[in-house]
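Chain IDs A, B, C and D follow the sequence of writing; residue 1 opens each chain.
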Amino acid sequence: MTQSKLRMGMVGGGQGAFIGEVHRLAARLDGQIELVAGAFSRDPDNSAATGALLGLDSSRCYVDFEQMMQAEAALPEESRMDFVVIVTPNHMHFPVAKAALQAGFHVLSDKPATLNLDEALSLRDLVERSGKRYALTHTYLGYPLVRFAREIVAAGEIGNVRKVFVEYIQGWLAAEVENKQAAWRTDPARSGPSGCMGDIGTHAHNLAEYITGKEMTHVAADLSIFVEGRALDDDGSALFRMQDGVKGVLSASQICVGKENSLSIRVFGETGGLEWHQEEPNSLIRTYSDRPTETIRAAQGYLPDSVSSGYRTPPGHPEGYLEAFANVYLDFAQAIREGRDVATGVAGAVRGMAFVEALVASSQNQSVWTEIDA
Amino acid sequence: MTQSKLRMGMVGGGQGAFIGEVHRLAARLDGQIELVAGAFSRDPDNSAATGALLGLDSSRCYVDFEQMMQAEAALPEESRMDFVVIVTPNHMHFPVAKAALQAGFHVLSDKPATLNLDEALSLRDLVERSGKRYALTHTYLGYPLVRFAREIVAAGEIGNVRKVFVEYIQGWLAAEVENKQAAWRTDPARSGPSGCMGDIGTHAHNLAEYITGKEMTHVAADLSIFVEGRALDDDGSALFRMQDGVKGVLSASQICVGKENSLSIRVFGETGGLEWHQEEPNSLIRTYSDRPTETIRAAQGYLPDSVSSGYRTPPGHPEGYLEAFANVYLDFAQAIREGRDVATGVAGAVRGMAFVEALVASSQNQSVWTEIDA
Amino acid sequence: MTQSKLRMGMVGGGQGAFIGEVHRLAARLDGQIELVAGAFSRDPDNSAATGALLGLDSSRCYVDFEQMMQAEAALPEESRMDFVVIVTPNHMHFPVAKAALQAGFHVLSDKPATLNLDEALSLRDLVERSGKRYALTHTYLGYPLVRFAREIVAAGEIGNVRKVFVEYIQGWLAAEVENKQAAWRTDPARSGPSGCMGDIGTHAHNLAEYITGKEMTHVAADLSIFVEGRALDDDGSALFRMQDGVKGVLSASQICVGKENSLSIRVFGETGGLEWHQEEPNSLIRTYSDRPTETIRAAQGYLPDSVSSGYRTPPGHPEGYLEAFANVYLDFAQAIREGRDVATGVAGAVRGMAFVEALVASSQNQSVWTEIDA
Amino acid sequence: MTQSKLRMGMVGGGQGAFIGEVHRLAARLDGQIELVAGAFSRDPDNSAATGALLGLDSSRCYVDFEQMMQAEAALPEESRMDFVVIVTPNHMHFPVAKAALQAGFHVLSDKPATLNLDEALSLRDLVERSGKRYALTHTYLGYPLVRFAREIVAAGEIGNVRKVFVEYIQGWLAAEVENKQAAWRTDPARSGPSGCMGDIGTHAHNLAEYITGKEMTHVAADLSIFVEGRALDDDGSALFRMQDGVKGVLSASQICVGKENSLSIRVFGETGGLEWHQEEPNSLIRTYSDRPTETIRAAQGYLPDSVSSGYRTPPGHPEGYLEAFANVYLDFAQAIREGRDVATGVAGAVRGMAFVEALVASSQNQSVWTEIDA
């Protein structure tokens, strides 16, 4: 089990960028990954300062990602980075991933993978040709009880799935907000065709497909801009249909005042139901037709090993977002070592973009049922 | 304040009928209403036995509602019934209401008021011409915190309303069920054009309009029959739009295994939000953008009198469904005494039927946006 | 099943007295009890006005309880009251009960039964000699899930009981309060030797004994007066021991700011646990060592008939304090009809007083372990 | 802000020891601490293997702590460890701390600091003479909302504190358990005079003192051994008194079937209350006498900087036990850099031991009130 650490290069994540620091915390937690290189910011001073703060060799703090790929590829195999993590605004995800793959590096990318479906399809080709690992940081799939929910459904324990309710609602954009986080999320050039749905609706879509094991096939969507002057949706709801007759409702919103990161899902099958809330991730609710509702808890002895192995502490010591995020890193590291694909790979990238494009198309066309063409 | 009791006649509610007994409990609770007459069942023996059990004079246990209207109208004013409560299956609501109004009695009716919109419009005319009170038992409006939610919104305290999530989900029809309750709810001839939506979706619709003070104008609906062999929807979801740009999602389902009577609503305005769950009716959640979320509690001293007067016991003594139901009776009794209209009057009856018809039409037409024509 | 109503006379409960009205609501709910007589207040005008408001014959509104007992006993059996309900301040409970029993009436009394243990022992003798029913309105035993908790324990399903946590905390006396409710509760002459413990600690004691089926044998108590100038405890906690090695902690407080009627109990046995909260009375939590925690819900099909029969509505329609109270009335009425004892009879009255006296004695004596001598 | 990492040596925490790995996760999370040396196990193979797995230089994997102190002290200042973390069973805490302090190293120790009060007093002397930092890993003080609770109380916002309820209950020792964790916790030679109270009761004590800012002065305790054959308490409750008239109840138990790490505290002052549960650490409940109860949430903008700075992610991304633990490490690292004391320093070590000794003495002496002599 003694393994050398995987070496990571980061694009984006300069000082002041929230998500970059979160990635570093998650990558660091289990001691299996080492940050060795970075193109943290297009501002060379910021990039250098960030690297210094993180204890990086200054020679491996780059001014842009192209330079980084070139320079790292030129290093001896035993010291150059193994993979690139992409934590830039959305519009840079694809160009950086492309450059990394072409330079021979595995890629872990924030979602969305690309700005549109065409790019996602190109990315898929690139990944397939490269023979490298590619994964999206669908953080919420890193929660072990989400994996357990998927296992319960897959085992047929709730019968055929019938109905899914999934939503991701926040309140932080209920009024005009002027900060870096808000700026790119509301800018079509940097976020793609959708704001709220592209940012967080995709998490809801991804979670629904993951737990049910079904692909979403059609949506009838109504996206909204509630805050005047905004160019992209800050709210939306959609009816949807999945394979095998599953139906559902998906909502995402950033104008639900007082809500934080309220991602939740409820799945009902013929004989049972499951319910999970991201903000209370250590409980999974299970309903029956003829028995009391159960609260399945993190790290409990009654969980299968595949689930309980995802916890670092015994029951009752809450684990949260960073641990879930670290699980995504662990899974990616393991996939690199084993040369296998991950559940959050490029196929999901394509599906996510197709989902967003279908939503936007439906909403622009009187909410007509629109196929997700992935 | 010493008032003589109002005298009530009941149509429906024979032995074995759940809802009739609930009505009697609610009517009895506050000691202001007395059951004096009944046409409890089309089975004369059942009707007589029910009346006997309830201590009614056998001369006032009727074999059908026509006989009841005629005989009661012939009694001296000081002894004949003041109003009729209708607790039959849906298809009888309108004929009985019509007969009662025409015989000069006020009417309190279970919802839906009628089987379709045409009947509802006729009913509205009848009510207007009669000069009598007519109300639907929208029980959930009887919860004082629902009234408080309406007052908060009306006072502008959450800003202009933007988004509404409302749902009513149950699990009891997730499999085929063979009992009296299930039988008429799944029979078009007795339930009207919709099963689940007509039965409980209308409560969700009614609650959303009541709290927001806005009329729902359009729906894009997807109704489903999940249990094979059923003739009416047992599940459905709809995107909707209300006056003044409010948007929302409404779901109703009877196939959500393990769910009981999970009616809940969340309303988000520009500056705040409200959340209420029927199964925990003594709390109202209020969210802010810049302050902690509050849990407003039943019967508390900080509530306005208009709300706290709806409670019979001090804070911390849970009040529930029967008390809410009794509030509907109290309000109706008061309206009769004062000769005023009630919030749950015939206008809502028309709106409810128009809502159901719009849902069904939309669902049959590819979920196209359909106007609620009330 | 056709039964004539039981006729009730009430002592106390004049206009402005909260608890009298609650009794009347509870007695009325199921239509099996009729209020026919009252000595509602020592103020004859109040008594008469209360009776008039309630539709009582003025001849049966009495100026004091002695007159009431005498006059009612003189009425023909078919019209005189069957039982007396006592809703006066504490110090009157015993004298009224005594008079009623001696006049040949069954008695339902608010707790505490008497002001001290000596009176309680006298009361026990009186009851035994009278051959009449006597019961205390331990309202919280009226919740069907409390009964289910008792059944689970009695069936050995959680193994031998080891530890009990029980508490009843309120906040309404956290500051000086000037009203009728507060006045007598803080007056030794009207409340007996304890304030908070006598008022609500006894509910906690009673609940613990009822669910576990064990008698509390010893307490080590620390009672407090936190609000200056008060003559009786407004807070207290006690370690306790029960039969068969059960240990526990009991707290009661009226100075816990923001708390309403937070009565809760947790019972842990060798192999399982139970948890119930009065403010969410429709759920009973059950814990296991090797399975997920369950939430048992009111009125569910999986409950035994002995429990589900205590509900008036299907699952998901919350029932609360008034329904529990009405169950106490129903049980008492049934006991009268069957000539049997009730679970909340005079034995509990003696136990409750002995409990309070032991608490006070322990607290006055350095919290030394003190036997409950009942 | 660019700081070199602090170098850490670990005593205990060999493969198979749960808590050592938790420490390493916590120490690693923020990238400010580097593990450089270890005496992980008395089994040299285990120690070496653990070090290898962690990427340590084999020359710095020691066979015992004495050797470690000597060898590290002999290294040049710029490479030798800065501090020692002690994660052994309880009986080794003091000897290792003593050796470390005497060799000139700062010490971070699992609690309890020592096996008894005498040792704790010696430790205090040692710390004072050494001029080095000493801290206990009272992990639960690492939750930022716990710090906020303390600030609210200190600012007088709930008035003078009156009553405290604190408890820490688990279920994992409800039956005989045979594993390493259970073995030393139930062995007096390795755990000291108390089992459950020493292990987790001390957390409850520490939390109560921290939030209220008051010292606990007296206890009246009842400790129990429920599982036959066990030598130390597996359950206990105590009445307690604190400075300035504060009263309370403390319970700790390891036989509460189904409970995980249920540490919770409720503090009531004259005008408000606070409630916090370790298993839902991202919420702090605040009660008022005349306003709705508030749920204060982690990382919210309305928190003071002193609190919000303790979070690594925005609101709604749950942080948990590991993040709290990492905060303890951050605080200790900062204290070393600044040469200042920490809130969880040696004074608390003495207080904790005095608390345990008072509990045991009281329990052995008929639960008589016993002074905590610290």
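A few comments on the model shown:
We adopt the following convention: contacts are C-beta pairs under 8 Å (C-beta built on N, C-alpha and C of every residue); 3 or more make two chains touch, one makes a residue touch a chain.
This one's a predicted model, so the numbers in the text were calculated from it and none came from an experiment.
Under the touch definition stated at the top, chain C and chain D share these contacting partners: A, B. Among the pairs A-B and A-C, the greater number of C-beta contacts is found at A-B. Chain A and chain D, compared by their mean Cα positions, are separated by 35 Å.
In this assembly, the C-alpha centroid of chain A lies 43 Å from the C-alpha centroid of chain B. Averaged C-alpha coordinates give centres for chain A and chain C that are 55 Å from one another.
For chain B, the set of residues that touch two or more other chains comprises 259, 293, 297.
The touching residues of chain D, when paired with chain A in their complex, are 1-2, 4-5, 18, 21-22, 24-25, 28-31, 52-55, 170, 172, 259-262, 278-282, 297, 312-323. Against chain C, the residues of chain D that register as touching in their complex are 158, 162-163, 165, 167, 171, 174-175, 220, 222, 224, 226, 235, 237-239, 247-249, 251, 253, 255-259, 266, 268-273, 287-289, 293, 366-369.
Interface residues of chain B facing chain D in the complex, by the touch rule stated above, are 286, 290-297, 300-302.
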